[in-house]
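Order of writing sets the labels: A, B, C and D. Residues in every chain begin at 1.
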Amino acid sequence: MRQRNIGDVILDVRNISLAFGGVKALQSISFDVREHEVRAIIGPNGAGKSSMLNCINGVYHPQEGEIVYKGEVRRDMDTHHAAESGIARTFQNLALFKGMSVLDNIMTGRNLKMKTGILAQALHFGPARAEELREREFCEHVIDFLEIQPYRKTPVGRLPYGLQKRVDLGRALAAQPQVLLLDEPMAGMNVEEKQDMCRFVLDINDEFGTTIVLIEHDMGVVMDISDRVVVLDYGKKIGDGTPDEVRNDPEVIRAYLGAGH
Amino acid sequence: MSGLPPVTADTFPRLLAHHAKVRGARPAMREKDLGIWQTFTWRQVADEVRAIACGLAAQGLKRGDHIAIIGANRPWVYWTIAAAQSIGAIPVGLYQDAIASELVYVFQNAEITHAVVEDQEQVDKVLEIKEQAGLIAHIYYDDPRGLRHYSQPELTAFEKLRAIGREYDAANPGFFDAEVAKGKSSDAASMFYTSGTTGHPKGVVHTYAALIDRARVGCEMEGLSDAEEVLAYLPPAWIGQNIFSYAQALVAGFCVNCPEAAGTVTSDMREIGPTYYFAPPRVYENLLTSVTIRMEDASRIKRGLFKYFMGVAERVGGRLLDGQAVGLPDRLMYWLGDLTTYGPLRNVLGMSRVRVAYTAGEAIGPDLFRFYRSLGINLKQLYGSTETAVFVCVQPDGQVSAETVGPPVAGVELKIADNGELLIKSPGLLREYYKNPAATAEVLTNDGWYHSGDAGIIDAHGHLRIIDRAKDVGRLANGAMFAPKYIENKLKFFPFIKEAVALGDRRDMVSAFINIEMEAVGNWAEKRGITYSGYVDLGSQPAVRDLIRECVEKVNADLAREEKLADSQIRRFIILHKELDADDGELTRTSKVRRGFIGEKYGPLVEAIYGGRDEQFIETQVKFEDGRVGKVSATLRIMDAKTFPAARKAA
Amino acid sequence: MFYRENGQFKASYVEDQQILGIRQDRWFIFGLIAFALFAVPYLASDYMFRAVLIPFLIVSLAAIGLNLLVGYCGQISLGHAAFMGIGAYAAYNLVVRFPQLNFILVLVLAGLIAALVGILFGLPSLQIKGLYLGVATLAAQFFIDWVFARVKWFTNYSPSGSVSTAPIEMFGFKFDTPTERYLLVLVVVIVFALMAKNLVRGHIGRSWMAMRDMDVAAEVIGIRPMYAKLSAFAVSAFYAGVAGAMWGFVHLGSWEPAAFSVNFSLNLLFMIIIGGMGSILGSFIGAAFIVLLPITLNQILPVLGGLVGMNFGTALASHMEFMIFGALIIFFLIVEPLGIARLWAIGKEKLRLWPFPH
Amino acid sequence: MAARKNGPVIALGVVLAAGLAAPLLTGSAPGFYLEVLIGGLMAGVLYSLVALGFVLIFKASGVFNFAQGAMVLFAALALARLAEWLPGWIGIPAGFPALALAFVLATGIMIVLAWVVERVVLRPLVAQDPVALLMATLGVTFFLDGFGQTIWGSDVYKIDLGISKEPTMILQSMFEGGILVSKEDLVATVIATLLVLMLALFFQKTATGRALRAVADDHQAAQSIGIPLNRIWVIVWAVAGFVALVAGMVWGSKLGVQFSLAQLALKALPVVILGGFTSIPGAIIGGLVIGVGEKMAEVFLGPPLVKMWDLAGGGIENWFAYVLALLFLMVRPEGLFGEKHIDRV
């Protein structure tokens, strides 16, 4: 039923290498992401998947390589630039703002779009107020989309894990990203939760044409929803292609059997 | 007089026009969407309806056509109903959970050409049956999510439909008003499908006259004004929902509120605080259960407070509500209770502002009923059905009881046929079953009486009392009426009794099989230090037998007070050694007892009862969860219960 | 229990986002303010104004300031009294050098100057966190203390090193009676507290809390740590500055550099720990607590002493005060890290759900 | 993040060195200069003593013990008062014997204190974020200050180590006029050195000491090899308490035991920042640097400053240490000897 219109390369990662002290997390990794596609990064634990995402949105700064995003070549990203130019992400181990409500978390995801100054804010008048209301409405659409209306005002800490994951996604979505990096969005979820999450990811991709780069352990999920897959193993890229190609790649199979998957 | 619109406004579209004129700026509908209660004034609603109506017309929907509407409680559902009616089409509400095969029949039967549905799920369902359903030409969907890539020509977004309508309206200015003017009160207004127990569902056709008359009577009786707030949370396809949230709203001009999602109904109810509320007994029961459960883990003090004041309420609350005389000290205590308990409780239940609350459809337990009334919530019973446009009997304030459903409301005549069946004459009767004259003739005799299929009694105060389905009512040997379900219900209202089967058709006395409620009886026994090994053992404890006997005798006492049923007092009963179970064919899947089957299966017991024996050995087959078949056997004691002289009251 | 929320539905975001969403709360707060404005002036004694109400209100404002930084933005400061000092001296110098300035304007300017210094001493927060930052702020404290103790210019070359203020005058009206001064302070505090509340429920407040709760996630969202932290320091110091100016002019009248010592800073910290981190209300509660405790102790201890036939001197009272503060800090950190305000909130929830426990 | 920037550190070092050398070059009497230098070192030794306490506790329990100063005051008060009272109670001769016994008792008190703190404060707050723990120790500080003065009294008391306050002349041969050094300071230095040696031995040679090091390196690891964390904490706090006692004794004998000790002890904060939170040598060297630094600043930098902006007196030493530490934080947050750590997402 899903008919796709994959565009050109929007994000191109070129021989990225990253090391922490002696530890080589990534060794000259290259792959590209096309607009509107769902791109999966898989690999055993410690393969450097999260590090890869962290390089893409500027949390880490690779020692070598370059990142081409929307035609702009950069040595490395910085988080603010990444966010401003439409890259958002979710986190593997929930990184929600636990002191805030669901709504506030999502509103915070909207922060870049909110510009009024401190004085206006303090007086809560005119533009500041209008902006607040406008963005609230936008965030309500996100809440609606992710079907978390009943929890709007609940402190995120009180939500079950699966829902927290959803809020995390909502926070990223609030920024209306062009590229959405999902770090194991379904980790630790039960079957229904996974199905829901899959549905949301696909809907996001359909409805907003958001390009999605996701890390996922659940092979079934990856093979179902992703258009192309990169396989990392111990910081090296050992496979890249459509789910079928990857599934039958002997190298990949070996790595996975080796890693006990 | 609650300022109801003039009788000249005799169709819903005209009523809508009237309100748009006299109270155009007042809220007509609210929908919790995007976190707030988006409000639509009567004028806005009128505009929306106009646009949709014109859109449908432009899309080729014609006077007399049927249009299917499948959706949750959302404003567009009600707007579409009004829109269809504006151009003389007949809206047919369908349940969201209806399965494809049901849809197929309805779509064929009503020759549906247009369908307005909620979302992808419903669209898929309708598309799936398109081939069999034949005529379906247009499907409008409200929520585009997931439908982006659908290319079927039938599909149109609801948004689009309204846009089309606005253009069409601009192009043909006079069109809409002309169409509304064409409508006659004798026209078919809506069609409601009732799923009969057997065979295909029947389409109940109601005219404007019928629906509006009933709605108006209800409003006048309760003095409903345009200040009411109702929460629309029951399926719109159900006639009750249509009456309470559409017909009456359009008559009285009050505001209908649509909850945000199925999961938020309770909290939305807390926010809105409806003033006019309907719920089937089941809902009230669940509410009460949740209250008791939540109170259980409350602090000691709170529990004590609650217990004490509920006691006060039970004593005083009902009487206060019925405006009877109550002593000052009691009034004071109740006032205190209201401050500390009832008030807060009503608040958390969302019932602080309820002026009128109805329940109907099933017999409601007296305790349950009393609980809400004692809280100061004006809960009343009502009797009606799809065919009678709901309002047949309603309990007027001050004449409320758990047993009756009140006297007939204005315009209704009641008659009990010789077989005990209730016959109804009312302006609200159905016009016909759509394209089913045979069925129509069955229920609607040409002397104008509608055969309800319910067996009822009219008591000395002229209050109707529904006792059973007519077909289940039998006769005792002496010819007295025997209504098993009525007796069984009375028994089941006791917490200790889970299931009951009343026997006695064509016999000289009534007897009963009883299943005890393991948990309740178990606790009761433990409190008294009675040890027991299991279900059978518990049931055969003398103390338990006596407990059940008391219940039975209480029921007998009740029955004795009703002349027609005095003979139905339970002479003997048996506490069964196994729970009646659908897997063993003793209950239907909807857990109604299958008397005939049970009568045969437990033949020996029946003989023992009527053979006057004191105990009887029985062995029965049981199916276990894992499908294995086993046998349980026991020697059951047959108990005798005290009966009471029939109290012949001076009528 | 007292809440009746049926029918209090929100039909617009304006309603939904108002500070006091529930009617009953609105009544309560408005009632309280009305009482403070119209009743208290007739009820309270001069001593009450001088020793309790005025200091309470002023330190509340300072505590709000500190809470914005520590409670909302998660940046610790052990030297916040220094910013009050800056406000006080700034105001003093402004008044001395431009006598015609309107007092309100003086307050604001004093706040702004404090804000600038706040930004300056906030810079380390971009590099360092937690403990380290604490020491950095201590450095600020001691350095600033020293500056005011030694640099004569700031004390307008007063030989004793202590300064005394001119009477407060605005629009030709003199604020000399305690009542007038109380009302002045009250109004200022209400206004600024409201502004603080607005800040923390706006996007800037959210960016602060984001830094506090999960700084990496905040950066990924696009929040600039520098802007978030420095704005927090600035605003926080601004509040401290305004409070300091009032402390000097309205409460003390004349003071020495020691008036804004590190102990004052620590007291402010205690206020928000006990009152409630990340809560404007908590700032008030904490302030009330810290202001009232010593006074009550001074009142009660001698009496108690009398009962057991010993005489507790004021020295003991102050020692007891120390011990109780210390114990309370530990108690709250362990039992309810979010302070009395949290307890208040829980109680409120319970009342809303009454008679249900949850 | 990983990239180290040593430039600034070196720069800062150079500036300090220059500052150190400047007076000589600007021709102030070398004798006087040396005197100041030694004075600074002496003061530094005292800072080091308090700093040691900090480092011990931080190493073992990751707690930034703001209360170290309060502990010094408390210990000193206990020592002074007990030494004063004991003769009255059990009639042992005043002077050294009483002092000795008082010292033993005070040590016991500090151990009890350590135990209480572990029970009441650390255990409930285990695995809280450091700031919360810091604030908890703030609470401890206040409690101790109040408690100490309540039971021991709040006047100024003196501890008499039986050393004459007479300063002695040394190195007369080298400089005319020689250099004045107070015996106390010498004694202090000796004691401090001894203490440091003891600690060093304790950490290197004893099982407990090694255990402590293990904990410092990695809490999980420590637990996994079966070291009861709670006991470790008690021990460490006890040791810190003992260090505080010694510091209190030396300091008290020099300046008299009074509330200001607690404030003085705050100076240890910049010291540990300079030396690094986890480094014992760091604490010592840091202490010396600060001690010398602020003395030098006071003596040689003060007057010109005062002249320049005509200040009401110097008093630079009040802030010098902190500002120095602050600068240091900017360029090398982990301190001179602290180990650096990269934090990952």
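Simple rule for what comes next: a contact is a pair of C-beta atoms (placed from the backbone, for glycine too) under 8 Å apart; a residue touches a chain by one contact, two chains touch by 3 or more.
In this text, all values refer to a predicted model and were calculated from it rather than measured experimentally.
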Most distant chain from chain B, judged by the mean position of its C-alpha atoms: D
Which of A-B and B-C has more C-beta pairs touching across its chains: B-C
Distance from the mean Cα position of chain B to that of chain A, given in whole angstrom: 48
Chain B-chain C separation of Cα centroids, rounded to whole Å: 59
Euclidean distance of C-alpha centroids - chain A vs chain C, Å: 41
Centre-to-centre distance between chain D and chain B (centres being mean Cα positions), rounded to whole Å: 80
Multi-partner residues of chain C (each touching 2 or more other chains): 13, 16, 216
Two or more partner chains touched - positions in chain D: 345
Residues within chain A bordering two or more other chains: 59, 91, 136-137
Touching residues (chain side chain D, partner chain C) in the complex: 64, 120-121, 124-125, 128-132, 134-136, 138-147, 149-150, 154, 263, 266, 269-270, 273, 277, 306, 309-316, 318-319, 322-323, 325-326, 329-330, 333, 345
Touching residues on chain C, where the partner in the complex is chain A: 13-14, 16-17, 195-196, 198-199, 202-207, 209-210, 212-214, 216-224, 231, 235, 278
Of all residues in chain B, those that touch chain C in their complex: 30, 35-39, 229, 270-273, 294-295, 297-299, 302, 305-306, 340-341, 343-348, 350-353
Contact set on chain C toward chain B in their complex: 1, 3-13, 15-16, 353-358
Parts of chain B lying in touch with chain A, wherever the complex brings them together: 33-35, 145-146, 148-149, 260-261, 263-264, 267
